[in-house]
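To keep things simple, chains are lettered A, B, C and D as they appear, and every chain counts its residues starting from 1.
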Amino acid sequence: MIVVMKSGSPEAEVARITQELTTWGLTPEKIVGKHKVVVGLVGETVDLDPLQIQEISPWIEQVLRVEQPFKRASREYRHGEAGDVVVSTPNGPVHIGEHHPVVVVAGPCSVENEEMIVETARRVKAAGAHFLRGGAYKPRTSPYAFQGHGESALNLLAAARDASGLGIITEVMDAADLDKIAEVADVVQVGARNMQNFSLLKKVGAQDKPVLLKRGMSATIEEWLMAAEYILAAGNSNVILCERGIRTFDRQYARNTLDLSVLPVLRSLTHLPIMIDPSHGTGRAEYVPAMAMAAIAGGTDSLMIEVHPNPKKALSDGPQSLTPDRFDQLMKELAVVGNAVNRWPQSAAAIV
Amino acid sequence: MIVVMKSGSPEAEVARITQELTTWGLTPEKIVGKHKVVVGLVGETVDLDPLQIQEISPWIEQVLRVEQPFKRASREYRHGEAGDVVVSTPNGPVHIGEHHPVVVVAGPCSVENEEMIVETARRVKAAGAHFLRGGAYKPRTSPYAFQGHGESALNLLAAARDASGLGIITEVMDAADLDKIAEVADVVQVGARNMQNFSLLKKVGAQDKPVLLKRGMSATIEEWLMAAEYILAAGNSNVILCERGIRTFDRQYARNTLDLSVLPVLRSLTHLPIMIDPSHGTGRAEYVPAMAMAAIAGGTDSLMIEVHPNPKKALSDGPQSLTPDRFDQLMKELAVVGNAVNRWPQSAAAIV
Amino acid sequence: MIVVMKSGSPEAEVARITQELTTWGLTPEKIVGKHKVVVGLVGETVDLDPLQIQEISPWIEQVLRVEQPFKRASREYRHGEAGDVVVSTPNGPVHIGEHHPVVVVAGPCSVENEEMIVETARRVKAAGAHFLRGGAYKPRTSPYAFQGHGESALNLLAAARDASGLGIITEVMDAADLDKIAEVADVVQVGARNMQNFSLLKKVGAQDKPVLLKRGMSATIEEWLMAAEYILAAGNSNVILCERGIRTFDRQYARNTLDLSVLPVLRSLTHLPIMIDPSHGTGRAEYVPAMAMAAIAGGTDSLMIEVHPNPKKALSDGPQSLTPDRFDQLMKELAVVGNAVNRWPQSAAAIV
Amino acid sequence: MIVVMKSGSPEAEVARITQELTTWGLTPEKIVGKHKVVVGLVGETVDLDPLQIQEISPWIEQVLRVEQPFKRASREYRHGEAGDVVVSTPNGPVHIGEHHPVVVVAGPCSVENEEMIVETARRVKAAGAHFLRGGAYKPRTSPYAFQGHGESALNLLAAARDASGLGIITEVMDAADLDKIAEVADVVQVGARNMQNFSLLKKVGAQDKPVLLKRGMSATIEEWLMAAEYILAAGNSNVILCERGIRTFDRQYARNTLDLSVLPVLRSLTHLPIMIDPSHGTGRAEYVPAMAMAAIAGGTDSLMIEVHPNPKKALSDGPQSLTPDRFDQLMKELAVVGNAVNRWPQSAAAIV
């Protein structure tokens, strides 16, 4: 349920209403949108009468039910407005959302050594990326495959962050590592295989860093938004949704089926910002540029692209990684589409 | 197998080689590319020695095996060059292919009456479309649902063709109707449910009109190209591949999953031109614009978009149809992306 | 809608009611069940008032709507009773249905030559099979693969029929071949790839031989029943539904995913008899026995099993074919489960 | 790699070989099969020469490579022999495996209160079940849905265990709860959504209780066996694989697609015992009996069936739960098939 306030409602009145609703056993959340202030209500609202709430204050414009099973994640919860996630990075705050330029995350699948990660950071920064991705803890199908360098890789990510000023995005696989990761990461990633690891969702929801929530390999859009709801319900409202390819009947050429239709679908359902990962989504470097282009024209808020200084020698996911040179060129191609749809940063590829 | 001729090979020499290879029991096809002339060979080539063929003429540059199971449909068969399909329409020939502007096909799911189809034809023509789509024979899940007006609808399509000058694309469901359809249609469509109706494929391959081959709902890319191969092998080299959404585990919001990754994948595998149908691909009019934008940026050669003068009263597929006004606006939005990637006709939406 | 007659209703009265309803513009079908006579009504029944029909005769017990989109195929259409399909074969009529022993169809994927098909017929007959399967026209992914011996293979099937007395089941791919096929076949098969070839469905519905309708590779159960409805609506009430494996995300070991849950699901939805094809369903001979056992315990009415005298040299589908010896042994294993659930013929494997 | 010892090899010699191979940097595991003793070797074996190992002792019969990516889980790792998992329960040890009678696990989705869980335990025990299932921690799609009673539910499971003598199977969602759960549970369950939660797999692999590993909703068989390999590699060799329905394109009638073909497929690939869960696999109580029958005839080693004293009032998964009476009847039906295939306990349904 949401309580929509009239324009110009005094802050004190909003505070009074919030206070009052708390005494009803609810947990009101004040949401300041571009046009309106809204008070969100989640809890035992089934038996509540909207009219009864309406009577609390003449400053209340409307009281509306959220019909979706995902309450806080729904677009209605912000009265139809887009949200954005603001991430602090050494280079300054980066906004990810519908009303901002496309944000690009780039970097290797896993952090292999200091030289490669710092060098990659510098190269992708120069090409216009805002974030460096790199795995310290890697979910691998085989227990005998390289599992990431773990804690020591976190130190290397910190070094790359210092050297480049880029924000860091890295995955948490085990809640026990969350504190260490959150010290280094500007955004904490929950991987596709853990999208319905509800214990982990609750824990990333209880900490402060923004969360990148990858879609599970066969998760429906509703399940994905319900997973986001776990994080939001635990208190963390900074969630970015990342499509990375779903599992279908055909895996002969592309490893997964990148579902770009999430762009209009999520836009209509949720206020959360959207990221597209064409590298995992296709599994082959040669398919990445076309899908990155398509994602921007389709309205994505951000892109995640794997870049490795030497894909052939990568410890993981080499076939889907671009070289820094190819990434540099791709950013110029993306700028053409990004500029056409008014979603490209004016300072990035164009000027650098 | 393909025989690549040296630049400047005399036509007579190519003819002589073709003649010679015929005597070996093969069926050579001469393919004139932009840069090279190639002689394609399909048949019992497993035991042929490329060197032996090479010796036939000093004008032969190379003899190469086509490794893909789809021979004529493979990109190698044209020595890596894109093909295009040229369709005669009252308004002149229309080229569909990688080196041409994006071609737009628009119109209703089914032909309902003369007024609606002629009016729709005029409106989509004015907005920049090159082809009118409209079903005379409709594949419907239920035997009790509207099955299309059949032969009388063909007459209405002919009237709309006369009135607008647009080319006509309509579906054949029964080989018995093929002659009648081919009289009116400029492109004959094989629907998703018939993609592996091999009898029908052979028959559309044995007639002259270009064929639009829709991807089956759960067809792999290889199966799709093999279905195209049936048509090519029967003698019709003008095949356009149309992605219209595949069936996955999630159908709650979008009816199908539009697989835009076919764009880079098909581009690398085949010389055949590609069409994207975001209307069937998503099943909801509100999702169509974003996916059409994405398709152009991702490199499609053509688009098929459902337009109906009154979607709410449509006899079929209303929820996925745009109004003529919304289509008009969409064409302007598409032009922005199309122009950015140099794939938009200079005469169309801008000038008309 | 169905009109349920009271027990003991005079035939003349049923005829009178049928006559009367015809004058209302409906097409009544008289269905004689084990316990009740029912008059089925399909057509424009939405605006009909059941009470109004009830008043036609005091012998009418109830008038009920069929809520399912598949009317004639629904279990309600026979007032909850199972149907059965009776097939005439040289050895006498064979009943396929819920209240009859499991019927086994066996034979090679395609008819290769007279010796192999006659020999196979004799062997599978001796082991207890009632029908011989064998393809004359084969749907193959590649236009360059063996397409079946066509008309000459039909003659060989006729010879095998004469030699063994078994009924013949073979596939029709092209309506133009239907007459020739129906001359030889006791059951005409529509293959998975043609399950939604609605033109073909109408044509097999308009002829007299029973039809085996294979489930499409990604057909939902509702779509499958709607395809059956096309045949029933065209006048042929003898349809057998055959599950042959669906397409899912995993094809590494089994080629398809045999969906045995159709057994209880179809049983509750339809009166039509069910066949399970574990050979196509798994694609590997070594998986066939376990799935055939499971199918019987799960309640199937019939089984289709590929048997080839020399699987390694089969022109198609060798890896999923059993040898005659293995089939013989399997029939003995099946008898154990079949007898346990009272669904095994007393004359077959036990006695032979 | 496995080292197969000759029959009659002295224990001291096996110990000596194990010792020797340890000095080579390997971690040998002694596996005592029915017919042979095998020493399993996992590690950096790529460069090892089987002949070199062979020379260690004249008692070595053969040294074989395990070609599958899952080493310890593969059937080859036990030289083709089936394994079994022996679980201690108050009523004595229960063997789950190919050479033992089918073991039945029954109980409610979640533990709701003491009366219901103790009563259910008594009823399913009387009907012939060996284990009680019941969720204390429940993975739920929505953060607002009932999440299980947690620790207090563990106490109720302990009470039901005492009252009935049944073994207890319950799910762990968070490694932090593992110790508490392992105190009460005789088998620890990893749920479908956590099948690739590799951190959790490592932790259940590092404790002593047998582990029931449910297949992920869209996990391939190889991924499932690799998940089992994580547990085996961490030191716990008692893993049971539970199929509970996969996600496909059709969810209209059955909630999932129960993939019974895992029975022959897993049997050929792994020595681990198999459980089938027709309750989650179909999602509807009325479909459970047919699939349970099929599972036994197809060769399952165990069944998991949801039973609730009052399914209509269940806090979760009511529609797929049987009443105790229906379960009682089902066990009698299962005994018929189980006895026919010689996989039914002689003491259970027959005698009780």
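The rule is short, and it goes like this: a contact is a pair of C-beta atoms (placed from the backbone, for glycine too) under 8 Å apart; a residue touches a chain by one contact, two chains touch by 3 or more.
In UniProt terms the chains read A, B, C, D = 3-deoxy-7-phosphoheptulonate synthase.
Because the structure is a prediction, the values reported are computed rather than measured.
J.: Please work out which of B-D and A-D is bridged by more C-beta pairs in contact, and write that pair.
T.: Between the chain pairs B-D and A-D, A-D carries more contacts.
J.: Does the chain C and chain D pair touch with the same residues on each side or with different residues, judged by whether over half of the numbers are shared?
T.: same
J.: So which chain is the furthest away from chain B, centre to centre on CA atoms?
T.: D
J.: Roughly how far is chain A from chain D, going centre to centre by Cα mean, in whole Å?
T.: Here chain A and chain D have centroids separated by 36 Å.
J.: Would you kindly tell me how far, in whole Å, the mean C-alpha position of chain D lies from that of chain B?
T.: Between these chains, centre-to-centre, one finds 51 Å.
J.: What are the residues of chain C that contact at least two other chains?
T.: 218, 247-249
J.: Which residues of chain D touch chain A once you look at their complex with the stated criterion?
T.: 42, 69, 71, 139-144, 173-176, 193-194, 196-200, 202, 217-218, 223, 226, 229-230, 233-234, 247
J.: Tell me, which parts of chain C touch chain D in their complex?
T.: 218, 220-222, 246, 248-250, 252-254, 257-261, 263-265, 267-269, 281-282, 286-287, 289-291, 293-299, 336-337, 339-341
J.: In the complex, go through chain D and note every residue touching chain B.
T.: 218, 247-249, 251
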